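Letters A, B, C and D mark the chains as written, and numbering starts fresh at 1 in each.
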Amino acid sequence: MKRGALLALVLAALTVLFIAIGTLHPNASARFFAGGEGLLSSASTPEAAARKLGSEIELRAWQRAYNSLGNKAQFTEQEFFHDITGYHESLRTYATLESYEVFPQHATASDADVQLQLHWSTVVGSFTDTRNLHLVRNGDRWVVDWPLVRSKVVPPQVIAVNYLRWDVIYRGAGDDWGIQDVEAPHVRIVDMHPVQRAAGVVILGELLNEDIVPAYVSVRATLQKKDGTPIASEGSFDKISHILLPKQVTPFLISFPNQTLADVGSIRMEPISALVSASADPVIEIQNQQLHPIPDPALTGQLENQSGQIVNVAHIITSFYNQTGQVVWIADQYTNRALMPQTPVPFRIPIPEDLAHSISSERTVVATYRARGVE
Amino acid sequence: MRIGWIAGIASLAFWAAGAAGQTLQVPKSVVAGAAISIPSTGSGAAEIYIVGPAQVLHQKVQLGETITIPQGALYAAGRYLAILSGQSVRGHWAFDVTPSPDLEKISFLARPSRLPVGQANGVSGTVYLFDAYGNLILNPVPVTFQYAAPGGPAQERTLTTRDGVASVEMNSSSRQGNANFVAHAGGVTSTRVVEQVPGDPCSLKMTAQPAGNQILLKTDPVRDCSGNAVPDGTIVTFTETQGDRQTTVDVPLKQGIAQVTVPAEPGARISVASGVVLGNEIRWNR
Amino acid sequence: MKPIDRAASSAQPLPMPLILLTALAVHLPLLLMKLPLKSYDTNFHIFFASHYLHHWFNPWNSKWYAGFSQATYPPLPQQWIAVLSHVLGLEMGYMAVQMAAILLLVVGVYRFSLLWVSPRAASFAALASVFLGSESFLVYSAGQLATTSAAPIYLNALPYLFEWVRYGRPRAFLKAAILFTAAAAAHHATLLFGSFFFAVPVLALVVMDARSASSEKSTGMGAVAARTIGIVVVVSAAIALVLLPFWIALIHYPVTQTPIPHASRANYILSPQWGLNYFVIPYGALILAIPFIIWRGSIQPRLRPLLLGFWFAFLVGLGGTTPVAHLLLGRAFEVITMERFSYWATLLALPFVGLLAAELIARFRTPALISLMVLAAFTCGFGVAWSTYRPADAESFRVDSAAAWLNRDGHDRYRYVTLGFGNKISRLAVLTDASSVDGEWNSGRLLPELTQNGAGALTSSKYFGAGGMKALRAILRHADHYGLKWVLVHDPSYDPLLTFAGWRPVDDLEDRTIVIWSKDGVPPAQPIPSPQKPPHWQGILWGTLPFGSSLLAILIVLIPDGRHDEEDDSSGAVGQPLVAGTVLS
Amino acid sequence: MRLKLTLLFMLTAAVAGAQTPTVQVAPYHLEGSRPLQQQTAESAVRDYLQAWQSLHAAFLHNQPDLLGRDFTGTAQKQLAHAIAAQTALGLHTTYNDQAHDIQIVFYSPDGLSLQMLDTVTYTQQVFLGDQSIAQQLMKARYVIVLTPAERRWQLRVFEAQRP
């Protein structure tokens, strides 16, 4: 009987002990589902307070995060929520916080400055939202003052939109030979330049829609050995502007990971075009484009939506040219905030350092996406 | 396997001999879709198979009578085997089915369906001639091509098909609009509409006026070198350069002109282009 | 012996037919309502069964991952669904197999409990299995048919294991071996882990029983060891042969996926919502019995092995709440899911529950009976209803129109992928002949774009963060290679990616809630050569041995247990004086 | 004499069936404005010869869907219809091509059609069930029109006449 009672006590004690260990020092999976922080995290230091705010954002615990802010009197929880997830549907709306980093900047006994970098994952890639937080000591805890970025209110107005819209009546599924048809738009590759990069072979180029109708375009390339046998085939995927109005030009970039240019004998380029319904609106002005040299080479500028409709996502693609006008690099960036009418939105496209010195000019185009059901 | 071979050869030998007394007089060639009469000798019931890649037929026959393949039964042109198969009889004969000479359908490939004005040999027309059963008519047939476009004389050419095909190239005229491209042969006509569209903008000229703290840029009506108005929606690119900073905007034509406002930058150079055509340049000194 | 125990041990056990009828009364209506169709995995099993229905001897299924082998998943329940579907259809075939598994569990729990407790307590344990929260959770919320059909077969094998190792009866050896093999053909994980949580306690019981028995009935430790080694060798060989294609696939293509997060590995205290989902619902009122289990299992030597088996399964089933699961399972902790350990723990607890019920009713009569029935009803009720509160898919929508679209106008000459369909991709795969590059069987996939990124099904890419989106973008980038032309979208948040990657909306269904996107220039789908394609002989093996083992199991179990059984019931418990402790303090 | 010829023919047919056909491609001199690239001509001839293999398999196994890759339009409809007819009669046929003498005679200015003439020597053997009821060495002049599909040339007109 005594041995049994002892066994019962041991088992019970061990169970409680294991649960305590597992809760105070959770493993990776437990931390992932618990929002990245154990019960230990508290706001006892500026960095801990910033990390706690980061994990509450990661958990999308908006009320808990908002209530922890020191300057919450200056704005509502809704404004705090929209500042992070966007005032209108954009890439931020469905983004998930992949990770966050905290960088102490400066601290005194009563206040501190910390940089919080939020690394968001969206359907088209990742972006980093950097916020410089000011923290104030409140007893034994540090409280964050959130740097709210208010969205500019567009004055109420009526904007007449009477640009052209094309609609296409497609041929049926039957045989197309020898009957009246409307063939695909005529497009032409006006520039093509394969380069060797560390990650593999990259093909840079530009495509012109020389027709009078809008064209859906994409480009497929096949690397071939000297004897013509194919090595690899890749497409432009999202490194192109797929809808081209008449006489519009788009850059395109096709990457072949782990390939070597020396092995390539020839490249077969296949521009693909199709008739699509399209609208000549919205018109996006790309203002204040500026090339910045090393040490942090980039192209900066701002987009201004000249139409009356909200553009939910804009995709900026830039061709960089050398002195002789040859394309030496193509880079792109997505805007993670929606473009409101007449409201400039800044962008910044990093440039590879090894190419920065050879770049002397650039040409930028913008592709746009408007959410489904918005006509 | 060895026994199978021997049996096969034996039955072959028997078959070849048995057929000598009973036979068909299959014609060397017949016209597609025509009724066929095949006199036969011998007696007894048998079956006839007509086998080719394009068609397969079968009919029960009575040897000694004339075998009739009804009209329209055998219509696909090509080479065939007529196979007689019966209890004690078997034989096969090769023959041809030739296309019917009566032209029924023209497959007229006119490309492109859109082309700029003033293109020499810009439009190509290729015709394939078929009979009522879809057989390519291989005998030479005269075909007349007519291309009537706005702002230009009608062009007409007559050619003769070779192995069922004929091809021609025509010039597009100087004025935009729909052209009718007609192919005519053996009483059958096929028409295609070819849209002649304006060429690249010829003279691209813009003006600039102040508009508050902006500059209103506006092009003159954009036309091609033949004076045709470039269609609405065509992209015109304005570029304003000030030092190492640049503003660009792609503007679609609306009622023949492109108009946009850009920030007013003193000393800026403003240029305009459309596709591969460059326009004038303005230096903004206000 | 105190009056309570005399009453408890001498009272008659509940008749087995009554318990089976109770199981029918509780679960038959729910299965006729096809409630499991709302679960996570039911449609997955039906999809596998629909393949066996049309390709019994060819486990290569081209409908998912551009082709994968179904020999990477033990086939038995799915093959039975395929067989029954000739009469009942696929869905009712699934319900029939699930019903059979529930009834078999009642028998299995009764016979397993007889090893430890009195027949009356064992009968209460069997009755409790009808209302078990974890069983209802796995049947109606998780839809894990394999786990819920392998466990009953396994439980029915254990008494024969006891009988063989304890008394050396060849007939018991034969039955045990065949039943273990059939259990493995239903679900290999049950056998692998079941050996640790179930078989070891039974063997420990044999040793204890042999030592405490009178001289003429005792068994030497040498004989126990020899018989144990014998049956382990034979069963291992049988399972190796019956599931040979499975082991070959596992050896050639070990599951080297990047780990995919699963909520059952969470800490149930730090994440209370998952604690509710993976602990409170499966255990239900059984939580109240845990102190009794630990106490009675500790003070009664004979029950200690069972207690330790329960305890280890209980700790592992707590997922990330304790470090034990991670320590015991190592890397496997990141691959398998934990809810099945809680299921096994509750099965191991049932003998104690039966014992507790018997003693409570013996002591408090009607009040105890009413309380126990109320607790059982709520436990079972919440387990069944949980899929309503936390549905497998946030939205219910029909995929029949999507399947009809794929099946017409030659659309199925190309491959497709869905976005935002959740686990409805299984049902869609049943209804269409088109092939997809996605699927719900992560261990069977070999496409590099999927295995290199820690993500589950592409249709739920965004829920796997950056890894999920990287996998989706990689597949869309290689659309031409896979003939992937169609993307069926039910979640508009993916639209920006499709727009910028070159897809265009071409059609919409279900009142524009499903939009079909297409890409130009994609060539028709070609078979993707895969080294994992099982050769014909493996297909023959796969179509005969697993199903054959279940037929053999049915035949063998019908053979009567033979003359010895009348003298000493295989459950040694009856003769064993129950040491009455204070039942409920 | 006919017997010996037939025997000889059977042996040669059996042996030849296993070998690839001899192919001659005459140099082409086209008048149209569009030059025919060497690579285009080679791929058209390659796709045409592969079409004969598909035709052989389709008629041997009575599987019209084997034509899908190589044939289109009128040619595919006619051939598929012939296969359906011979299936209903319990026949199956083999077309073993032994020799091709190909000449490209036309390439349309828009590049969307190409015409070949091919003098083909092939063996046609007809089976009723498993029994051969006829076998003949045939020689025909095929007029072929090919049109480009997504990844290969397809035969749209496939018409034989006496050489």
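By our rule, a contact is a pair of C-beta atoms (placed from the backbone, for glycine too) under 8 Å apart; a residue touches a chain by one contact, two chains touch by 3 or more.
Just so it is clear, the model here is predicted, and its values are computed rather than measured.
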>> Between chain A and chain B, how many steps is the shortest route if every step has to go to a touching chain?
In response: 1
> More C-beta contacts across B-D or across C-D?
Replying inline: B-D
> Between chain B and chain D, what's the gap in Å when you average each chain's C-alpha atoms?
Replying inline: 22
>> Using mean CA coordinates as chain centres, what's the gap between chain B and chain C in Å?
In response: 61
>> Taking the mean of the C-alpha atoms as each chain's centre, how many Å separate chain C from chain D?
In response: 57
> How many angstrom lie between the CA centroids of chain A and chain C, rounded to a whole number?
Replying inline: 41
>> Multi-chain contacts only, two chains or more: what residues does chain B have there?
In response: 109, 111-112, 128
> Among the residues of chain A, which are close enough to touch at least two other chains?
Replying inline: 177
>> Two or more other chains touching the same residue: where does that happen in chain C?
In response: 521
> Once bound in the complex, which stretches of chain C touch chain D?
Replying inline: 521, 523-524
> In their complex, what parts of chain B are in touch with chain A?
Replying inline: 106-109, 111-114, 128, 192-193, 197-198, 200-201, 231-236, 244-252, 254, 260, 262-263, 274-276
>> Show me the residue ranges of chain A that touch chain C in the complex, using the header's touch definition.
In response: 1, 4-8, 11-12, 15, 18-19, 21-23, 25-27, 29-30, 32-34, 38-39, 91, 93-94, 96, 98, 121-126, 173, 216, 218, 220, 233-238, 240, 242, 270, 272, 274, 276, 312-313, 315, 334, 367, 369, 371-373
> Can you list the residues on chain B that touch chain D in the complex?
Replying inline: 8-9, 12-13, 16-17, 28-29, 49, 51-58, 76-79, 81, 83, 85, 90, 92, 94, 96, 98-99, 109, 111-112, 121, 124, 126, 128, 130, 134-136, 138, 162-165, 167, 169
> Given the complex with chain B, which residues does chain D contribute to the contact?
Replying inline: 2-3, 6-7, 10, 32-33, 55, 59, 74, 78-79, 81-82, 85-86, 89, 91, 93, 95, 105-106, 108-110, 112-113, 115, 117, 124, 126, 128, 132-134, 136, 138, 140, 143, 145, 157-162
